[in-house]
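The following blocks contain the structures, represented as structure tokens.
What follows is chain A paired twice: with chain B in the first complex and chain C in the second.
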Partner chain A sequence: MEKLYIVCVDDQREVLASVVRDLNMFADWAVMEECESADEAEELMEDLAASDRPVALIVCDHIMPGMNGVDFLATLAADQRFPHLKKILLTGQATQKDTIEAVNKARIDYYLEKPWSAKELEDVVRLQLSHYLFDSGRFSMEYRALVTPSVLMERMQGRE
Partner chain B sequence: MSKKLWKTLIPLLVFFILLALPVEWFGMPGLTVVEQRVIALFFLAALCWILEPIPIFATSLLVIVLELIMLSDKSFILFKSGAGTEGFGTLLSATGIMATFASPVIMLFLGGFFLAMAATKFRLDINLARVLLRPFGSNPNLVLLGLMVITAVFSMFMSNTATTAMMLAILAPVLACLDKDDPARIGFVLAVPVGANIGGIGTPIGTPPNAIALKYISDLQTISFGEWMLFALPFVLVLLFIAWRLLCFFFPSSQKSVVLDIKGRFMRGWRPVTVYITFGVTILLWVLGGLHGMDSNVVALIPVAVFSCTGIISKEDLKTISWDVLWLVSGGIALGAGLEQTGLAARMVSAIPFASLHPMVVLIFAMLMTLLMANFMSHTATANLVLPLMAAMAGALSGLESLGGAVGLLLAVTFSASLGMSLPISAPPNALASATGMVETGHMARIGVSVGLIGLALTLVMLWVANFVGLL
Partner chain C sequence: MPDSTLLAPQMTPILDRVVSVYFSDPSQRLIIPKGGLLLNQDMENDRLYYVRSGSFTCTIRDEDDIGDELQIELFRAEKGSFVGVYSFFSGNPRSFIRATALEDAELSWIDRNIKAVDSEQYGTFRAQFLPVVLEELSKRQISLSHMARQQEVAQHRLHIAEKMSTLGELSAGLAHELNNAVGVMDRSSDHLRQVLSRLFKETAPALSSWFEEGVSTGQNFASDVVRKRAKELMARFSGLEYDKAKALARILGDREIDALPKKLDEAIFLWETGRACHDMRIAADHAANLVRSIKQLGGGGRERQNISVTDSVREALALLNSNLREVPVELDLDDSLPDIWGNKMELVQIWVNIIKNGWDAMKNARTADPRIRVAVGKHRRAIQVDLANTGPPINPVLLQKLFQPHITTKRGEMGLGLGLYIVKEIVDRYNGELHVASDEKETCFSVRLPLLQQKDDCL
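Entry: the complex of A and B
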């Protein structure tokens, strides 16, 4: 079983640490990468893409010094190297305009508002990883304890 | 060294050692160079299917490609040096090996895939389940029975995995309403994979091991779709009934009534109606095999043509066909053909003193061995390995006439391969059930081991009955 990659981006260290802590339960299936800015994350994505790593999910803050979250996610949405990448925007300060852009340009898969609950983040990440596995064709039964049961039953229908 | 590396190295090491050993060391007088290569290839395939260093379908492809490179009349030049000399043996026809990709049973399965795909696409499966579940009312035990019967019937025509996924999805809202401590929750979840595994036995297209069995049986005598069902269906029904009683006993419901409410209605329009009619007609043609002269493999291609021409199965749908399953079976057929056509099968049988063994002991041992393997590895891979050996042995074994002789032996082993369902890793339907998080391995083992062993005993009884009434 190949480990998936989850990239977390937030300029506040304590927030980043808290996200990673909440996602620690996925350590059996995924490698967690931490970035403190969109620019750093951009570089990391280059590295991961170049070394053929399966980047499944990015959890990204919006307001950050340098490039903001929505713009960064929009570049990823347009990047053909990550066709199945799931994008979660984790923010408390997005304006209505930002939110519209997040949907239309960055085509985010989930909008999570700060402050978040650990349970909600866990459910959302599990759901997005599940869809990533099926969309990318990487699913195998080894991931069955990771995948959200309802998604598993839904997506295994019509399969041999 | 990592586990993965070991799993890769062991099959390769065994393969190369078996290739390099002097021919005399095998203890089979007259063993040829080509036959020795088949032995090495067989062990490579067996170890790869058991240890799974690569996906099981990849092992099948490896078998076919290695046969072409090392054993065929179009093989690599070094593997052909010495051809024609004494002790070299007969090379296989490359065309014949390649033809396993389109062997008639593969076409039969392709037809089954098309039917299942169209049924799922136009929601025929879920709508039928909705209608068929209704008569079972709301008594938890009866709902459980209904669930098992419908899962079994569907898995006769769709894959066991797809059927399980659909039924578990239907079941999810009911399970959510049940009390967390109600043992019936476990019973309901387990009923689905048990029903699917048992139901797969019911028709030639129910599960891939049946296809492989059909390949070997057709070498001995013709067996039509309807004939298969005539003896497999009673077996399925009896075992299903026993499994139902066991589930009620192991996991009694504390609920008075359970309501399965599935929403939806049959789709209308010319495409869905075409699917309904084609589905019905194909099954009818399969069952009435003797009357119209078309064998089941030919009938299977009718839905393929109808659904392609009508756009019911589009170019995109075509890409979602499980070629891996088809190729997994192809590889098994190629391995069996290699064993037989090189003459290795006959030589093995003559080298092992079967006459001194009691045929019943051989049969029961083979069934138990198959059941054990099927519990730990893919049912299809198990059949790929066991059936060619059984086919070779069947001819040499006398004294099984009361159980249908060679055909009976092949069927017994095939049924055993479908009865492996004790563990989450036994088969994909079991893995899906365990993924709901509502059943523990212990629960699954309790019902799986019981049904497996009772199933073996029932197989022997059914074979005896089938032979007695002249079905085999």
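Entry: the complex of A and C
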């Protein structure tokens, strides 16, 4: 079984560490990568794409110095190399305008507000990884314990 | 009041003639004491009055919300104005205003029996008085638009005051609650840290230093450095997995080790537990700092008095003393400048925010030759303070929105991006000006605070 990649981006080191800590339960299936800016994440994505790694999910902060999260996710949404990549925006500043922009412009898959709860983050990440596995055709029974049961049922029955 | 320069200058000789020809009969003079009534609304009037001294408020009757009568001021008749113009010339002999003396006033008058003087040269009586009427009406119109403008300004100030006081109250309440919450988290996490420290000393004495190190330093290394170092560690210690290598790289940074700890997993676990305690304390500090900036935004005393801008700059520098130890500060202060009407803490806030921002910028950019320059001087009717640093130039896009809320360049400092917004907000309150010039040589913030009189005090 090839491990999936989850890339976490937040300019605040302590926040980044907390996100990764909460995602550690997925360590059997995925490698967590941390980046402290969108620029750094962009570079990392290049490396991962070059070595053909399955980048499944990106969890990205919104307000950061340099490129902000929505703009960064928008560039990824337009990137042909990651057609199945799932995108979660993790934000402490959520106005309705921001949300609309994030959905329309960056086509994010989930919008999570700070402070987040470990359970919610876990559920969301599990769900997005599940969809990624089926969308990318990478699903195998080795991932079974990872996949959200309802998604497994739907996909096995060939329903969306 | 109407500005006399707004009136056509060529009118003056004509008016002077009219006044001296028609309004110089000592038997047609009248004294009205302060508060006395010259005209009442709807009263018959066949006189035209010229105000020699004093002034009148000219009002019309209106009703307020509950039907009570009140007087609305339409215009004021100052020295040199005419009263009774409408009833005298319009053909409707009833006064449409009430004229009440604001101070003891002396008037001259004419009535309808007056005959035109020198009509061969100056035309009929009406022709001679046309400029008088015109000027009087134009004066009233100017005064009316002036009053409307003043009212608009007053309304605007009231609006800002209301907004700020609401924000102030809200932020004070919010700050209190947040500080309580942060306090609880801070104290409780500290308690947990002590408990864990004791526990690890008992159960894992050989490894408890890993916990303590996590607590005291946290992660000092950036994520890209960690990724690079992890790969080096994997190359050096065969069999080391990527996630373990990254965990170790976070702890070690560029420090070398001869061998992996025997119980690597436990060591990492203890360090990460310690690091969590460290991060909680950092987060609590940040939260407390943010609450402080929010409080500054809305609140604090705004009482003003005559203060020296130079003193306020000195005070700011004293507050920043510990931050500025590492950087040379070049001062050009002037103690002979006039005072301004202001609040010292507000001014100190401006200087502290700008200087601290500059220092942070130089630190983050690792500026080779960091210097701060502060100059206080006079610029026309304002005190100008220049606060410059040798940090990297601010890019033009950022420069445009520098003073908007939530603009921050401070990586990972959990800044609220309110520093310069607060500065702008305070400078606005003083009707001051704020300029930034930024190039390779230096970035200079210039603040101009007008030398206001106490009565001009704005909100």
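Throughout what follows, the second predicted complex is superposed on the first by the 155 of 160 C-alpha atoms of A that agree within 3 Å, B and C clash if a C-alpha of one lies under 4 Å from a C-alpha of the other, contacts with A are read in each partner's own complex, and residues count from 1 in each chain.
As a working rule, a contact is a pair of C-beta atoms (placed from the backbone, for glycine too) under 8 Å apart; a residue touches a chain by one contact, two chains touch by 3 or more.
Keep in mind that what you see is a predicted model, and the values were worked out from it rather than measured.
Chemist: Could you check whether chain B and chain C clash or fit when both are placed on chain A?
Modeler: Once chain A is superposed (C-alpha atoms), there is room for both chain B and chain C without a clash.
Chemist: Once the two complexes are overlaid, how big is the angle at chain A between chain B and chain C (Cα centres, nearest 10°)?
Modeler: Seen from the centre of chain A, the opening angle is 160 degrees.
Chemist: Tell me the contact category for A:Arg21 with respect to chain B and chain C: first, second, both or neither.
Modeler: Once the two structures are laid over each other on A, A:Arg21 reaches chain C alone.
Chemist: Could you tell me if A:Ile63 is touching chain B, chain C, both of them or neither one (first, second, both, neither)?
Modeler: second
Chemist: More residues of chain A in touch with chain C or with chain B?
Modeler: Answer, by number of touched residues of chain A: C.
Chemist: Once the structures are superposed on A, label A:Gln12 by its partner contacts, choosing first (chain B), second (chain C), both or neither.
Modeler: After superposing on A, A:Gln12 lies in contact with chain C but is clear of chain B.
Chemist: With the two structures laid over each other on chain A, which partner does A:Glu36 touch: chain B (first), chain C (second), both, or neither?
Modeler: In the superposition, A:Glu36 contacts chain C only.
Chemist: Is A:Asp52 in contact with chain B, with chain C, with both, or with neither (first, second, both, neither)?
Modeler: neither
Chemist: In whole Å, how close do chain B and chain C get at the C-alpha level once superposed?
Modeler: Minimum C-alpha separation, chain B to chain C, in the superposed model is 12 Å.
Chemist: Once the two structures are fitted together, what part of chain A is touched by chain B and by chain C alike?
Modeler: On chain A, the chain B and chain C contacts do not overlap at all.
Chemist: Which stretch or stretches of chain A touch chain C in the complex?
Modeler: Those residues of chain A that touch chain C are 11-14, 16-18, 21, 27, 31-37, 40, 43-44, 63, 65, 93.
Chemist: Report the residues of chain B in contact with chain A in the complex, numbered from low to high.
Modeler: 113, 116-117, 120-121, 159, 161-162, 164-166, 168-169, 172, 320, 322, 324-325, 424-425, 428, 431-432, 434-437
Chemist: Using the touch rule from the top, collect the residues of chain A that touch chain B in their complex.
Modeler: Touch list, chain A to chain B: 141, 144-145, 147, 149-150, 152-160.
Chemist: Chain A touches which residues of chain C in the complex?
Modeler: So the residues of chain C touching chain A come out as 218-219, 222-224, 226-227, 242-243, 272, 275-276, 279, 282-283, 406, 408-412, 414.
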